[in-house]
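We just call them A, B and C in the order they show up, numbering each chain from 1.
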Amino acid sequence: MDMKIFTKRGLVAAAMIALPSLAMAQDAAAPGFDEIGPYIMTTLLFCMAGFLVFFMACGFAMLEGGLVRSKNVTMQMTKNIALYSIAAIMYWFMGFNLMYPGDFNGYVGSFFVPTVLDPVGIAAADAALDYASIGSDFFFQLVFVAATASIVSGALAERIKLWPFLAFVVLLTGVMYPISGSWQWGGGWLSEAGFSDFAGSTVVHSVGGWAALAGAIVLGPRIGKYSKDGKVIPIPGSNLALATLGTFILWLGWFGFNGGSQLAMGTVGDVSDVSRIFANTNMAAAAGAVTALILTQVMYKKPDLTMVLNGALAGLVSITAEPLAPTLFGALWIGAVGGVIVVLAVPMLDKLKIDDVVGAIPVHLFAGIWGTIAVIFYNGDASLGTQLVGIAAYGVFTFVASLVVWSILKAVIGIRVGEEEEINGLDMSEMGMEAYPEFSKS
Amino acid sequence: MDMKIFTKRGLVAAAMIALPSLAMAQDAAAPGFDEIGPYIMTTLLFCMAGFLVFFMACGFAMLEGGLVRSKNVTMQMTKNIALYSIAAIMYWFMGFNLMYPGDFNGYVGSFFVPTVLDPVGIAAADAALDYASIGSDFFFQLVFVAATASIVSGALAERIKLWPFLAFVVLLTGVMYPISGSWQWGGGWLSEAGFSDFAGSTVVHSVGGWAALAGAIVLGPRIGKYSKDGKVIPIPGSNLALATLGTFILWLGWFGFNGGSQLAMGTVGDVSDVSRIFANTNMAAAAGAVTALILTQVMYKKPDLTMVLNGALAGLVSITAEPLAPTLFGALWIGAVGGVIVVLAVPMLDKLKIDDVVGAIPVHLFAGIWGTIAVIFYNGDASLGTQLVGIAAYGVFTFVASLVVWSILKAVIGIRVGEEEEINGLDMSEMGMEAYPEFSKS
Amino acid sequence: MDMKIFTKRGLVAAAMIALPSLAMAQDAAAPGFDEIGPYIMTTLLFCMAGFLVFFMACGFAMLEGGLVRSKNVTMQMTKNIALYSIAAIMYWFMGFNLMYPGDFNGYVGSFFVPTVLDPVGIAAADAALDYASIGSDFFFQLVFVAATASIVSGALAERIKLWPFLAFVVLLTGVMYPISGSWQWGGGWLSEAGFSDFAGSTVVHSVGGWAALAGAIVLGPRIGKYSKDGKVIPIPGSNLALATLGTFILWLGWFGFNGGSQLAMGTVGDVSDVSRIFANTNMAAAAGAVTALILTQVMYKKPDLTMVLNGALAGLVSITAEPLAPTLFGALWIGAVGGVIVVLAVPMLDKLKIDDVVGAIPVHLFAGIWGTIAVIFYNGDASLGTQLVGIAAYGVFTFVASLVVWSILKAVIGIRVGEEEEINGLDMSEMGMEAYPEFSKS
């Protein structure tokens, strides 16, 4: 090779690992863009949507870190980065192949089949030209399961022990989510029955919500949340700027969450649909936020920022089951109902003395159910009956399985920190490290 | 369908909603990438640039949240997420079709024509193959109008009431910005006259700046900002880490703001131009930051971080009217002048007792004017006269209209919180919720 | 032109600057997507990966701002936005052409040859169709050099003066990094010798680490870090939520850092490889985080969040030299070893009384060396001997050159603030501006 070919990093790297691409580009017989274009575009969609959804892990961490008290922020950060990391490992180790059996393995007996990527520099003839690379598909699906676990993290904050929580995450991301996910996205019985959940109002968000609900019941409320005479004591979050940052990051990530779920970008119809989904997703979030703003003003005479943030998120969850078919007006009212749900459901949960620190259950479970039902208004192929069957199936399975797992964890190793540890904060008692050590507390 | 086709989420979803894409991919008569490639790439550009510009809403919120006092942070967060949401709804409800009349409706009488997206799975034959999908175009334009509103939010912080501010946002994003925007980007009289504003130094940033200036005049300065003997009392921001975060996010978003304004990515020339814009945009921001750093060191013997942040932003605003044509050296000096402007203009505004909390008027209005003039140095089609006419037209229209709206709002419902509320902070008095409730204040 | 053509901003803008794209799209003789598709996709890859890596500058700022004490946060923010800006200018002014000589200039005598972008609207016939636009390549390489400088910033925090630090950045980004970078990525002797460093474990990260190590030695430790009887006094970071945010942003940016280093996206093999790299990069980070979590639990009985964050980063640095060839299991164990390294190396550095405020040297230097060695396990073209030669070459050159520069700066203008200034904090003494002025310090 002459010198010139070594002057760009690309060519150097390419030469190093003997990529076929240079040869291919000059090979007249190589397939043209009409054949490979869709594969390239869809693989790119998964990579791009994947990094956006990855960033939702950060959004959840910031949202939850802002809504807990400062004495528990180090713990919340630790849980969130750890749960994402565990999800990444478990989904590789068993989740992905358990969830998507058809192309890889039989369903039963496929519990421990780690993901294998396409070979380096795969030839067009060997690639799934009607879809995308395994690496991109795996990465995109993996960030979804992490979102489910992040939902649980928020609801159970400020009193759960680190390691039992992470043990639950291992089971949720390696076993529970993949099994129930396969019912729909793995081509299982619900998908055959006609259940419709485009990007996961039920498959991802409700599942996270059910797991959180089971956990919150087994765990019990934080000390001081409910007084002996039944009153609810508000426990404000320590950093609303951080919570707002987290919400914006989640909103950003949701473009990948819903847009990527089109699962194709290589035709006019597909890329146009991705953009439809972007517009609808944005509209639903906006509608949820504005609705919560107005409703809290009307109900409490003061707008409530945490409700506005959760309203936006509820709008996003609501549109997630069907972000494509609705008109923009459809996205608006579906998202707005999500905003109403969250404003009404937060005090309702408190009446039941279910202590959900960040409002994850209203946002992800209740709005997730709503969004799954709302599919029927704009998607002619969906029926209310089947949607309800799907909602119930995911609910029963996840709630019962979670209840069992949480109860076993509680019985065997304990899931809740001691009273003194909880009052002093998990950061000092469990981590020995404060998040804001220099700032005086009121 | 055989089992295998149900094993990937993509195919499941595709089957659910009867997308034409699978059929098309196997249809030999379907148009090839030479025909559909540009549409796909440009639609993708709008989606990608759109989510970057969306994230600027977060950047503005963090910048402004870091530059206000801690007692007003909850309010600032609420305003910023609410204004984005309102912009999204208003721009759908009337703004987009008001601004871009030609393809959709006549100009007059098109005030309440909500946006209609392309149908689901649009066929290539029905799509605007020489441009992009409506959804992507709508989303991309929508995030621009939100940026305009965010600019106003910063300047008027710490004393304006929530609801009158949001009422102004309704009019700004639904009526004022679309009308003046249509003069240039809707193919109106300024565009026909040869006015040149690539990505909106004037159309977006100056407009936000003029609206903020009118508001700051009607609203008056914060209590304690100017002493009775004419001295300026510095009111430092409460969280410079947050302000820096916001600046970096805005810088990131600006790659979408300017790069997406190429409005095409499907040819060699277009994608190369997008990358030229990336490089120039980055250079102008860097030059603005370094200039402000050096200038504050020279002038005040100490570098000033808030000036450096605003210097970077002023560099970005300065290059926005013409990020394509300049050389990298051109981008450097255009951005550097922006940095000078902001360092000199902040104290100048204070002499006029115009209280702009975050420096939005120097950054977006003054640097916006500069950037619009600077177009003539590298774009041979632009003339100083026409640029000045454009600057003046946007200035007169937006400033006068804003002055009228602010004055009416002031007279009818009042726009400023009471003296006691302002001193105690808007968070407790208006929202009943502190942003950092646990941290002792000095 | 008829009215309709003026109704979209795209067409307006296109008309303004006489782009060839419209004509081309209708020109039957124009090259089709089989010819231009790879150029478009690779240019897009560089733009997209470029903005992700740009955002790493924000990630470094947040990570470092969270790990320093609150009295030094304004200074840390200033340094980080300034170093990025200086890198952008210096890399344009000389770095890029110094580093990539072949296509642009001869190596010797090319010290002051600023980058020149492709002309506006470059025709396909004039473009590097087998690669990408200069603008995209320049932007992508530029954000890499900024990462190197950010590494130095963290290690030397809390006691170095602003201007000497920035003077070092000028030399690092304009001269040192480009010279050593050209050995490998410019097609120099190391690349010819068969050294392999896909995305820069050595070329970027170790170089930053060596420069930081030299600086830390010349500068000396912070006052109070090591007691007179040899004990290490922990100095906790002031804001662990911010540090976590920074880590997540860096993780996000790393998809661009490693994925973009594929340097091509226009074939099935290339885009599939990009997705492989995404999956492997993510896995290595997750493994590093989990390993650090478990190891600190075992060693210290309490998990350590800052170690988990640095573990994730060490995993990322470890996979950076070869993110493509390993299997997912390979990425897991390579990243896990990175996590072990960081947990063991932090106390080791403290024994040597080398005060590295954020752990940059273990993360970027030690894990960078490890990652460069680990290439041999999955890339058959790499040999241990050559890898060690490369590691040593970069180490000797960068460490010696940095030592000389730091020593000269120390002798001539002084690099360390006075004792009183350091104790009072750099923010008040050097900047006159606190980052969190309203919050009481404990």
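General observations
One rule holds in what follows: contacts are C-beta pairs under 8 Å (C-beta built on N, C-alpha and C of every residue); 3 or more make two chains touch, one makes a residue touch a chain.
All figures in this text were calculated on a predicted structure; none of them were measured in a lab.
Chains making contact with chain A as well as with chain C: B. The pairing of chain A with chain B is characterised as different-residue: of all residue numbers used at this interface, under half are used by both copies. If you average the CA atoms of chain A and of chain B, the two centres end up 29 Å from each other. Multi-chain contact residues of chain C, defined as those touching 2 or more other chains: 32-34, 37, 48, 132, 239, 245, 436, 439-440. Taken together, the chain A residues at the contact with chain C in this complex read 3-14, 16-22, 24-25, 31-34, 36-37, 39-40, 43-44, 46-48, 50-51, 54-55, 57-58, 61-62, 65-66, 73-74, 77-78, 80-82, 84-86, 88-89, 92, 114-118, 120-124, 127, 129, 132-136, 138-139, 142, 162-163, 239, 242, 245, 430-440. For chain A in complex with chain B, the touching residues are 32-34, 37-38, 41-42, 48, 52, 69-70, 100-103, 130-132, 137, 141, 184-187, 191-192, 194, 196, 198, 236-241, 244-245, 247-249, 251-252, 255, 259, 261-280, 282-283, 285-287, 289-290, 293, 297, 302-306, 308-309, 312, 324-325, 327-329, 332, 379, 381, 436, 439-442.
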